[in-house]
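Quick one: the structure is below, and I'll ask about it shortly.
A, B, C, D and E label the chains in the order they appear, each numbered from 1.
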Amino acid sequence: MASSQPGTGVSALARLRSALPFSSRDWGLLLVAPGVLLFSSFMLYPIFYLFYISLTDATFAGSVIGGGAELIGLANYVQLIGDSQFWTSMTTTWLFVAVSLVIKVILAVGIALLLNHVRVAGKRYMRAAVIVPLGFPGIFTITVWRGMFSDARFGVFNTILGRYNDVMSSLSAPQALLFDVPVGFLSGRWEAFFAYVTTEVWLAYPFMVIIIVSALQDVPKSLHEAAMVDGAGALQRFRTVTLPAIKGPVLFASILTAATSFQQFLIPWVFNQGGPSRQNELIIVYGYREAITFNQFGLSAAILIVGIGFVGLFMYVAVRYGGLAEGVGDE
Amino acid sequence: ISTGGDGGDGGDGSDGSDGSDGSDGSDGSDGGNTGSARLWTDLSDAEDEAMTDYIDQYESETGNTINKEAPGGELDQQLETAIPAGDGPDSWIWAHDWVGRFAVREDPPFLYDASDDVDVSLDSYTQAAREAAQFNDGLYGLPFASETVTLFYNKDMVDEPPETLEEMVSIMDEHHDPENGQYGLSYPVTDPYFASGFIQAYGGNIFDEQNLEVGVDSDACKRGMDALETVSQYVPADPGYESQIVAFADGLAPFAINGPWELGNLQESIENLGVTTLPTVDGNHPRTYSGIQLFYFSSMLADADQSTVDAATGLAEWYTTNEEIIQTNAAEQGYIPVLADVVGNGDLSSEVQAFAKQVDHGVPIPTHPDMDSVWTPVTEALERVFNDEQDSDAALDQAASEIREAL
Amino acid sequence: MARVTLDTLRKEFDRGTIVAVDDLDLEIDDGEFVTVVGPSGCGKTTTLRMVAGLEEPTSGTVSFDDEDVTDIHAKERPVAMVFQNYALYPHKTVRENMAFGLKMSTDMTTEERHERVREMAEMMGIEDLLDDKPDELSGGQKQRVALGRAIAREPEVFLFDEPLSNLDAKLRTEMRAEIQKLQKEFGVTAMYVTHDQEEAMTMGDRLAILNDGKLQQVGAPTEVYQNPVNEFVAGFIGSPSMNFLDVDVETDGTTATIRDEASGLAFPLSRDYVAGHDLESGPYTLGVRPENIGVVERPTGEETLTATVEVVEPIGSDNYVHLDVSEDFLARSPADVQPEAGDEVGVTFDEADLHLFDPETGEDVFLTEEEIAAAVA
Amino acid sequence: MARVTLDTLRKEFDRGTIVAVDDLDLEIDDGEFVTVVGPSGCGKTTTLRMVAGLEEPTSGTVSFDDEDVTDIHAKERPVAMVFQNYALYPHKTVRENMAFGLKMSTDMTTEERHERVREMAEMMGIEDLLDDKPDELSGGQKQRVALGRAIAREPEVFLFDEPLSNLDAKLRTEMRAEIQKLQKEFGVTAMYVTHDQEEAMTMGDRLAILNDGKLQQVGAPTEVYQNPVNEFVAGFIGSPSMNFLDVDVETDGTTATIRDEASGLAFPLSRDYVAGHDLESGPYTLGVRPENIGVVERPTGEETLTATVEVVEPIGSDNYVHLDVSEDFLARSPADVQPEAGDEVGVTFDEADLHLFDPETGEDVFLTEEEIAAAVA
Amino acid sequence: MNPLESAVALVAGAVGLVRSKLIGLATAPKRFVVVIQRAVYDVRTGKRSAWDVAKSVLMTLFGLAMVLVLLFPLFWITTASLAEGSRLFNTSGIFPDPSTYNLGAYRWVIFESDFFFVDGDWGYPQLVLGGGDGLVSFRWAGTETGPGAVFNSLYIVSVTLAAGFGMIVPAAYAFSRRKFVGRKRILYGYVLFTQIGAGLSIATLVALYSLFSTYGLTNNLFVLGLFYAASAIPFNTWLLKTYMDNIPVSYEEAAMVDGASFLDTIREVILPLTKPGLAVVLIFVWLAGWNEFIIAQTLLRPENYPLSVELYNIATEGRFSTPWTRFAAFANLFALPVAIVYFAAQRSVEDGLSFGGMEG
């Protein structure tokens, strides 16, 4: 056999290739580039622009577009920190994210478990039906929910509560169990908050259900059986087999939906514009209102940049510690 | 980039050729001085149909072209972006409350001072209307109707329309029974526009535009507020507009306080509908805010050809001074005339007359550029009071201080 | 620990269209190790699962020590099972995996449990892995953990479903020994399902052969190997498997000859043989194992048969000589017998090594009904 | 069809930290069948993938018939590959799967392709499956389709990556014969990767043993079996594997004795042996295959050694007798030698069957450098 | 496959999916009866205990009840779309009086609104021979006002789909299979941006408008379609990449060894195997272009409004109130086809969204 010949054509070529920063293997970049380009120009660029606005004294849209705004440095941010409405909005937003997330997860896990259970007949159709809300436009469903939450005596929920009261009082239940109808779902601070959360949960549960169902179906049957043979009852099997298996996907879905919740705009806007008395202005509504109603574009931009910053930070932490980008790092 | 191909943009029918800047009136070929202008509206179906017919009429009479568009959504938001981008309309129709807000804009300006282009005498209009179209000596539009809220009543439930608040309260007492879904009144009481009549009944001003003074915490307003609180006890628990109107429309309340825009709808659902002025409070007529409908002149006209300016202002002049139109609109749309001649003659329907009378008692909405800084605190104050969260005096005090801080 | 009795155990699937297990009777003594073999789909797994309580029998009963457990839930049976894919809880450490069964079925304190697990782990040589997660382990290590988990509970019955089939040959040999050692040490009754010849032959005290849901034969491995009750068992046990030939026997009661036209076989049986066996003329299936066939490289003409060599496969210690006697006819000869492909060779075998089967029923023709029935008891 | 030459072929992964294939030289003759074996991770798959063009060598060349194809893309090499998991396109029918290669690399019409596929399918006995999708097939059928797909293109070089490892024993034997038959029929050059002993021994014309990316020995299977060049090859080839014993040799040039304290071994070598081999005193590793060890049930004391039986595993035709000579010391004896566990037995072997390896390098001590170098050429 | 063929195939696939699901749904009662008969039989022959059957029945009923509760808003609004008048509430109960149900609102949507044709003035497509810029050109005949919002929506969505798929699929493939400079960083960035979507659009509304108007791109359906595609890129690229990661590389290698070129491999192997993933991406990208209205309303002029904007305009049409019946009818016609496809694609969606392999 021929002995080793260092410097044959191949190895020389290979060496040359590895010396270049770009090599022929990088043509994958070409496949990615158009998307990155389109994304950057339509998504990233506006963010930078928004950041620029946040450094100006722009008052209304026209002063931005018409170029009548002047740079004023970080004054808007400084003003923000001193604005009590900003802190109200931040707290409300985080509370909204947290509360809706918890309810969402519990509800979605419940639905997924039930609609994946052997004893439920026709569960595939039920699953298909249950995810349908995701296909409807938000402006439609949210408007409908606003209608249902109407403060009116004849609003859907108030009617239901009224019927409930009738039934309860006919059973001569104590007064404490009755509701004080009509409940002003949209005119009380916590009532409105409750309405937001309910709607948000309804909007987001389908995505979570899908992901949990997928995960449940990936759990090997033999794990359940192993636990059974090990003497574990239904509850313990849920804890030791099911729960760990769906933990990852639930975390994943939680991160994604939480980030969306954080940016929820339509619900508060359509329901009562973040009211009553600006008490429920989620961060985006707050920013939007500062710009549109109060002609404070510069300040509004600062608010929104802070909002985007939070989402970015949140996603970063999630990606870092939530294993969200698993498979990204295998280079 | 073409958007053609699938018929996606074929929908623009008649105005396909005319670009989007609305300032190319000069291409009106041989006519020489005919032009085209772009008009934005946000009207109900019936209003829109009527407007289309009038515009056709105008076009055939003058040879000018008017491109009427309904951008939908919030008209002011559309304007906010479109005008600075040079893509706005030459004229639009809206109540006068935006005059101040837009007139103070510079870099770029939003409105066009048409003092030099308008030939009709401003004296043709009522005084309130005349004032509403002007701001700091500029003429930014022409008025054609006014509106305000007044009292609707169901003749099947109310034999004689009440003259005083006491009379009204006693009728309401008769009917008010929320347990059984019966109410005394349909009235969106937390909306300052609706609530203004009672609050200002004693002569107070929520906001005094002339002197730039906040008056919402004045004693007069506080007394007016008591009156408002009195009637508030008879409305359904939800102050939202839709939940209010339904009670009256379903025949469950004898009274509603609402505007002319509901006239058509309510006539449909209530067989015997009556309209009258708001009852007096301690002998005072409630001073409701009134809005004046204007043809606004947009800053687009500043750089446009003269023919476009003529087309736009011409339409406004022709429309606002055409007695026939004003008369018909009053009859069909419930528009309250502001053309002095029409207001004077007695050909108006009783409903419109009632509205017109109420306008007379009322005051125009202030057009100060920062009125939103007034509305929001007042709305919130009203909500707090309605929800029994705060005493009415304290609420008004708080609102006043918030307004002073913001202005 | 426990005697396991299966009594006319039956399992149907899909409303009776599939009979996975067909009226199985089997008794496994206390501490006995029974291997269950059979082709794919013959019902091995289903049987095991019924014993574990993971599958409900259609009819029949499962008893442990005369106590009928058919209706008792899996989690209450004193059974441990090792699954083919190990079924280790992926999110638990090795320690937690092994302690889980104890936690569920005993009221030991955490410390006691950990102590027990440590002992177990030491015994299995995995004490260094206790804090690892399953996916950090190699196949053999996983297997050990699965075993350890099963043993830790000190079950009375041990069930194995092809536990070694995912391992490579070397590891398989090692683990085989380990399992046997542990089973003996704890004296646990064990049922071991496999489709591996070597495991089947070497591991069990007794071997049960299933086909099509029916029990074919139960017995000591060598017994089954030497005296298969029917053609199926004969062909299934042993590797390379027994050669079969369709033959005609001509007999006059004192002498007899086995003939096969195709290959030119004419094998006279001895008088003793004929006298000792109750043979009639007619068609039979002749069976003879590869290792019982002699290959004579330079045929003298005195051999039973001459045949042409098709292929010679050297497997190191021996050669597999493929002959054209019938399809897939194989002789296993010592490594020093090395004919070339195409050579004519002589073929010999001894009448004592012959098996004759009824071509219809497949049963060994010399066995009585009773003997055949006894083979499965 | 084509001679395949690998010239100092090398593949590094992870920037040189992993050397998967270490300067491999190998020449495969036109029409030759070479099996490649070695432990897991030794670089078998990587080598194959470099021949197929799926992996770019770090250095070295691959040539077909003296034409350097190192830089030629996989799709242009006249190569067919059968993957371990078959890699049948799950969304295509069997027919489409088999026709795909033809469609891609020839300009046959659809009809011609289908005709060819039909022929292939008939040959492989899968003509009834042509319209099925892969997941409706059993393992063996999938394997056949994968083979058919590979053959249909009439490649010049055939590459197999453990194609049978997912099949059960019986099917494996069957498919083994099938592959060999097809390869001979088409005369295609073939490289066959496996870690199965039997496949390695029986399938190839030559056997190449890899360890740690390095070629250890190439040669006819029996040659490799009988004369392994080093301890690794000796231990790797043959099943059950060779027994190793750490021994001391005492020699005075004419006589020599092999000693092992632990087991009490003292084996005198014959004068002829000593004269014929160049032996020095010192430590060695002694290797002897299980089948070369005789077990005497009633030791007379004349045997080489006496030892205690640990376990006897009957595998039907033979018994594996585990002895306490050293760890895992195994003798393979005929089925009629049946000692009980715990029995004292005599152990014999012949000096001709002994292998002696250098305990440091592992090389066979009787081979010269040249001979060792020649073993891989 | 040319674009037309793939579009046809896409539609045919969707129709097939819907059909099979609907057939399944239609035959469900029959299967249900069989299940019940079996259960009865099993109980009678003692194969199952009555309690066992009862448990199944209870669980199923529970599931059914839950589905009904969850879908209540949609059901409720559908009844509202059938009601008389324009109001959402009636003082007599939750649902409008069934005796007043009528299809008036739907008639309005079809024959009077701008849904299909402006002002509901229906036309029909006509091919014109010897047109200006080609042998055959196409125009709408029989309508004075021209085609309506649905055509704008479809146009936007087709641009979004074409651009989205054109960029998402190759990029996902590259991320999954190739190594290249910056791969990790870009992917990381995408993951960070997956959820900055709807909120971002509102936040950057003005910035966007000024960007678009600077380059004269307002009122351009094509550019708007591109914009939606851009907003869909990060999440869907990542989604599809994850899906592709689970397809064994050996299929591609087999194809390569079979002599398939890169493009052949993509077409014959990768794309067919990625189907469920593609289905999900299709749905998500579609929804991105179909449902958005805030940006559309800001950037477009009325003649180009898609359905979503028209819907919003109906919602805010009244001075102070929403004409509910019309709104509901419009929304139902707008969203129902999509929702039905979504319903039918449940299997693919579950497969395509499987992140089960992820360890938390």
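By definition in this document, a residue touches a chain if its C-beta (ideal position, glycine included) is under 8 Å from a C-beta of that chain, and two chains touch if they have at least 3 such contacts.
Per UniProt, the chains are A = Sugar ABC transporter permease; C, D = ABC-type D-xylose/L-arabinose transporter; E = Maltose ABC transporter permease.
Note that the structure is predicted; figures quoted are calculated from it, not measured.
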Review point. Compared with subunit C, which chain's mean CA position is the farthest off?
Key: B
Study note, to complete from the structure: Greatest number of touching C-beta pairs links chains A-E
Check your understanding: So how far apart, in whole Å, are subunit A and subunit B when each is placed at the average of its C-alpha atoms?
Key -> 39
Review point. Could you state the distance in Å from the CA-based centre of subunit C to that of subunit E?
Key: 56
Check your understanding: How many Å are there between the centre of subunit A and the centre of subunit E, using C-alpha atoms for each centre?
Key -> 19
Check your understanding: Just how far, in Å, is the C-alpha centre of subunit C from the one of subunit B?
Key -> 93
Point to revise | Contacts with 2+ other chains: residues of subunit B | key: 77, 81, 85, 181, 242-243, 246
Study note, to complete from the structure: Note: subunit A residues in touch with at least two other chains are 61, 64-65, 150, 152-155, 245, 247
Study note, to complete from the structure: Among subunit C residues, those touching two or more other chains are none
Check your understanding: Of all residues in subunit E, which touch subunit D in the complex?
Key -> 248, 250-251, 253-261, 264, 268-269, 272-273, 275
Point to revise | subunit A residues touching subunit C - in the complex, by the definition given at the top | key: 220, 222-223, 225-233, 236, 240-241, 244-245, 247
Review point. Can you name the residues of subunit A that touch subunit B in the complex?
Key: 60-68, 150-155, 182, 184, 186-188, 275-278, 292-295
**Study point:** Contacting residues of subunit E [partner subunit A, same complex]
**Key:** 21, 24-25, 28, 32, 35, 55-56, 59-60, 62-64, 66-67, 70-71, 73-74, 76-77, 80, 88-91, 93-94, 163, 166-168, 170-171, 173-175, 177-184, 186-188, 191-200, 202-204, 206-211, 213, 226-227, 229-231, 233-234, 237, 241-242, 245, 283, 287, 290-291, 293, 308, 311-312, 315, 322, 324, 327-328, 331, 334-335, 338-339, 341-344, 346-347, 349-351, 353-360
Point to revise | Partner subunit A, residues of subunit B touching it in the complex | key: 77, 80-81, 83-85, 105-108, 110, 178, 181, 236-240, 242-243, 246, 372-373, 376, 380, 383-384, 386-387, 406
